[in-house]
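Structures given as structure tokens follow.
Next come two complexes, and both contain chain A; in the first it sits with chain B, in the second with chain C.
And now, the complex of A and B:
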């Protein structure tokens, strides 16, 4: 039995309804408990800001495309090197760090749970291998269904239950956590070098539309009672005028689940563009935020852009090729048979570039114009908008109008006429930041019942203690203190152990992977469905028996079994 | 007993449809179905070393695993500039231990790509890599180009599982509907089945690629009557085939990487493919040799940031092919101890490197005696991944597959041996 007592913590824990109380947190064997014995180790938090461990609900950290981002970018690897030190292994990389690099840097910022944003089912084993080398966070993987042949055929046949059955088989086989749609239909079209322009374009050969894919996936997701909703990367990312497509996609979504949203729209900054071309490119954050304000069934994340060099990587292959044709940097693409695709290019976001400046403003506007912080979560779509190490600066910008104005003065001079940002006075408070960086993520992902994102007795003892005294710091004026505080915890506690202390990771750690197994009746077991089996036999290049990821790839397996309507 | 869907641990095709017949009484493989000759031979095996051996003067002495592992751990700890080389013929879990060991002793870890597709990696680091999984090609490609590669001899089932003879969803008659182009300096067996065979003068690949790029960009009038022995007419024909393809795939081999120009040839080929993507869909991929050479690149990359040639001598991971590659470390006589796993450098390295290997302590993990055995101080026999050990391997297109253990044996796996070595080394450094 190991016991730990965190004394005099200044706690913000939105899911428990705690907003700034000084209290003690008792921990036994990795869980929060009511009290511990006198023998417990004691940490005196001395009134420091204490919150549940951070959760990133959309980040690219592990798997085929992430690793290819490293593979093709020795220049990025050289841009962030640390030697082996104590229990810490050597790390490399700035925008796409090595797995240890990701894990240590997130840990130092107080993050304890990460959702990999896109895993191709055929290559799932790779994602899980890298998870095992991301030792200081619990991990889970969005699983890609945007171009899945069997699913598109079931949709064409109008059989939503079959769609659900295929999702159930796949998630179980690949140890996935949630249903991800990246440019639905577009990734299949891209295997012919084509794309779909918005939700009404039919996918070549399969003759289903992105709208049908989105709607069917949502219905299937709810039939399976999955913890998370469908996680959507809308069609038409990154193009001027795409906000109408985003509004159209959001308009498809009914309110089907009382516990959480019905759709999670990711990195919406990249989908909130006005204009008919790059010349009249503008922000359309207002109509998007207005719609989300009226639709409790939608949660989004920012996808904030920050200036500097980074690497873009997504399953959205056609978008990356378009980006390549703008930037003329190196371009990688990786299509995955019967399922999906991916693309990678390095980019530099520049303050002196008008389009980049507008993108920077849009992410902040989405957060500031969305009334409920539960509906707009803090991300950069790491590393697409910026590496996650920029999160503290984003928190600073959201909390301080003065900091925003100072930064706004440095961006392209024409930005002011294209964006509403200068007119927004809102400054977020500590509680709202806690929602946007952990509590909101836990609720949106449906993992609060697993003990994530809060500090009530029974919760996982994942705790972040920041060296900030919130009653002494005025974030509006002292934004640098906010940035410094969120950059480096005093203590990060994971599963009841101190894992990071003042910028150093102090243990090796071992991650747990959260995945789902929807329980379906025999009739809906796709492993025995002749058509589904034939797809494997004839068109996949991996045998069906070799496809599922064995449980021994998961160093700690946390399986959520769901009762379904199948 | 028949083991179905076994995974072949020979080449980068990583065929996973093999049926292996095991005689229950003897626990031996007696039959192999679906594999090519190369794969079947690997499953059937040969005479392995029974125990670890240590060189004593001009003879070999049988020693215990404990002794052999201790020798290797001490050798690496004592070394000033240890080299940990090979890795392509073992499973990913063992490769991970290897990286940790290299980091611990501040050694250099390199894999066989440095004498194989290393130039391809360099080209990709310059211009990227438009690729795809093999099944995308199988289901869609109507043009397939083998450039400087000869799959009939080197990757015998590539054609039947993934390209020319494989059933394709979008092709009515896969064999008839696909055009095959072979580019090589001589008429290989693969050239015999080509619809278009382009014979390039040795060393002329770069020029031919440039000519094709020019034609694709509409600069046909700049092309001379012949380019490196290839006629202008044929170049135009090949470019048209590519431009009119619905989906084209290029598979290149060492004929492009290990000739003068090296990475620049590959870069030119990638840029041709990128250019073709402005007109239609095209992909390009390397014909990787060892069944898990790509896995070694993947493991090295997520753990250190670089696919091969990683030098930990300054604590951080440092990468500079040409300096930190195995051949260069040996040729400069820097290396003072070598651990070889899952490869046979004495059969492939330049003479100068082998001469230096003969001067320093060398430990090799390999089930069989090979050319490198002659230069070893100690050799440790291990189980063969995919036969009597299991573990992860990455196919040439990046698809990870778990190889199976089809028979049981008393041999330790590479991972077992390396883990024991690593534990000894950690303990020694703590003292």
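And now, the complex of A and C:
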């Protein structure tokens, strides 16, 4: 039995309804408990800001695509080099660091749970292998269903239960966590050298539309009672004028689940563009935020862009090809048979570039114009908008109008006429930041019952203690203190152990992977479905029996079994 | 003037190269308390060299470092050098003059790979041959050498001046495969022959006085031009990269 007592913590824990109380947190065997014995180790938090461990609900850190980003950009490995130190391995890389680099840097910022944003089912093993080397965070993986042949055929036949059954089989097979749709239909169209421009364009051959894919996936998701909702990367990413497509996609979503949203729209900054071309490119954050304010069934994340060098990577192959035609730099494109694809391009976002400046403003506007912080979570779509190490700066920008104005003065001079940002006065408070970086994520991902994102007794003892005294710091004026504080925890506690202390990781750690097994009846077991089996034998390059990821790929397996309507 | 003579001691059976990024003229202004690395072992400079300091100087411009002995496996000499002179009496190991911005390096013998990688200024003279990636960029980087000059009197290996973005590179002998690949500026002159010059070039000028073998088909012939009293055939390209570079060759042969 190991016991730990965190004394005099100044706690913000939105899911437990705690907003700034000085209290003690008792931990036994990796869980929060009511009290511990006098023999417990004691950490004196001395009134420092204490929150549940951070959760990133959309980041690209592990898997084939990330690793190909590493292959493509050996120059990225020249940045961020740290030597081996204590239990820490050597790391390198900035926008696509080594797995240990990701894990240590997240841990130092107080993050304890990560969702890999896109895992191609066929290549799931790679993701799980890298998870095992991301030891200081619990991990889960969005599983890509945007261009799945069997699913599109089931949608064409109007059989939502079959869609659900295929999702259930796939998630179980690849140890995935949630349903991800990346440019639904578009990546399959790309295999025909085409794309879909919005939700009403049919996918070649399959003759289903993105709207049908989105709606069927949402219905199937709810039939399976999955913890997370459908996780959608809308069609038409990065195109001027794409906000109408985003509004149209959001308009498709019914309110089907009382516990959480019905649709999680990711990196919405990339989907909130006005204008008819790059010349009249502008922000359309207002109509998007207005719609989200009226629809509690939608949660989005920012996908904030920050200036500097980074790598864009997505399953949205055709979008990356368009980006390649703009930049004419190195580009990779990848096809995942029967399932999806991907593309990667390194980019530099520049303040001097008007389009980049507008993109920077849009992310902030989405967060500031969305009334409820539970509906707009903080991300950069790491590393697409910026590497996650920029999160503290984004927190600073959200909390301080003065900091925003100072940064706004440095961007392209024409930005002011294209974006509403200068007119927004809102400054977020500590509680709202706590929602946007952990509590909101836990609720949106449906993992609060697993003990994530809060500090009530029974929860996982994942705690972040930041060296900030919130009654002494005025975030509006002293934004630099906010940035420094969120960049480096005093203590990061994971599963009841101190894992990071003032910028140093102090244990090797061991991650748990959270995945989902929907329980379906015999009739809906796709492993025994003759058509599905035949499709596998005929078209896949692997045998069906070799396809599932064995459980021993998971260093600690946390399986969520769901009761379904199948 | 200060003259520092570093006579390398016999390697004593060690085959691991020595990394000596500390051997830069400016460092000797504050004495010879420097170290080099052999694998993961740090060595005092006196352990690896017999050190002799003559004269005195208070600026790096007045310091000359002379290296002798078995220096063929001595790496990173002159890295980030800004001023002064380094003379190598024999051969030098890889990465000599990385990121150099000023001063001069003269190598009497041959240079191993990556001579003058990503250099920004100053000059390097190699009296012998240079191995692969002479005056080039580095893996994945967008810009290689941006300024200064490299002159090789012998032959150069493959990927000479890869990613060249500025400055001048002159090779008096032949060059290997892919000289000037991904060039985006600067001038590359090869007096001898080479293979597949200026692939994917964006801008800049590449001269091959001898024969360009395996000439790439993605260059458009423009006409002839005079250079150094020679008549050269002028091409522009690389068309595949929407390039606006100029490639001048004495003769060329396409791959059959």
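The criterion applied here is as follows: the second predicted complex is superposed on the first by the 566 of 566 C-alpha atoms of A that agree within 3 Å, B and C clash if a C-alpha of one lies under 4 Å from a C-alpha of the other, contacts with A are read in each partner's own complex, and residues count from 1 in each chain.
Note that a residue touches a chain if its C-beta (ideal position, glycine included) is under 8 Å from a C-beta of that chain, and two chains touch if they have at least 3 such contacts.
All of these numbers come straight from a predicted model, not from anything done at the bench.
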One more residue to check, A:73. First (chain B), second (chain C), both or neither? both
Going by the touch definition up top, name the partner, chain B or chain C, that contacts more of chain A. B
Would you sort A:100 into first (chain B), second (chain C), both or neither based on which partner it touches? first
Kindly classify A:328 by the partners it touches after superposition: chain B alone (first), chain C alone (second), both, or neither? second
Look at A:123 in the shared chain and tell me whether it touches chain B only, chain C only, both, or neither; answer first, second, both or neither. first
Partner chain in contact with A:540 - chain B first, chain C second, else both or neither: first
So the chain A residues that chain B and chain C both touch are 72-74, 78
What does chain A use to touch chain C in their complex? 72-76, 78, 328-329
Using the touch definition from the top, list the residues of chain C that touch chain A in their complex. 138-142, 241-242
Residues of chain A touching chain B in the complex: 62, 64, 67-68, 70-74, 77-78, 81-84, 89-93, 97-101, 122-123, 125-126, 129-130, 133, 190-193, 205, 321, 324-325, 330-338, 341, 344-345, 538-543, 545-546, 550
Sort out for me which residues of chain B touch chain A in the complex. 4-5, 7, 16-17, 92, 96, 100, 103-104, 121, 124-136, 138-140, 161-162, 167, 169-170, 246-247, 274, 277-278, 280-281, 283, 297-298, 301-307, 312, 314-317, 319, 392, 394, 398-402
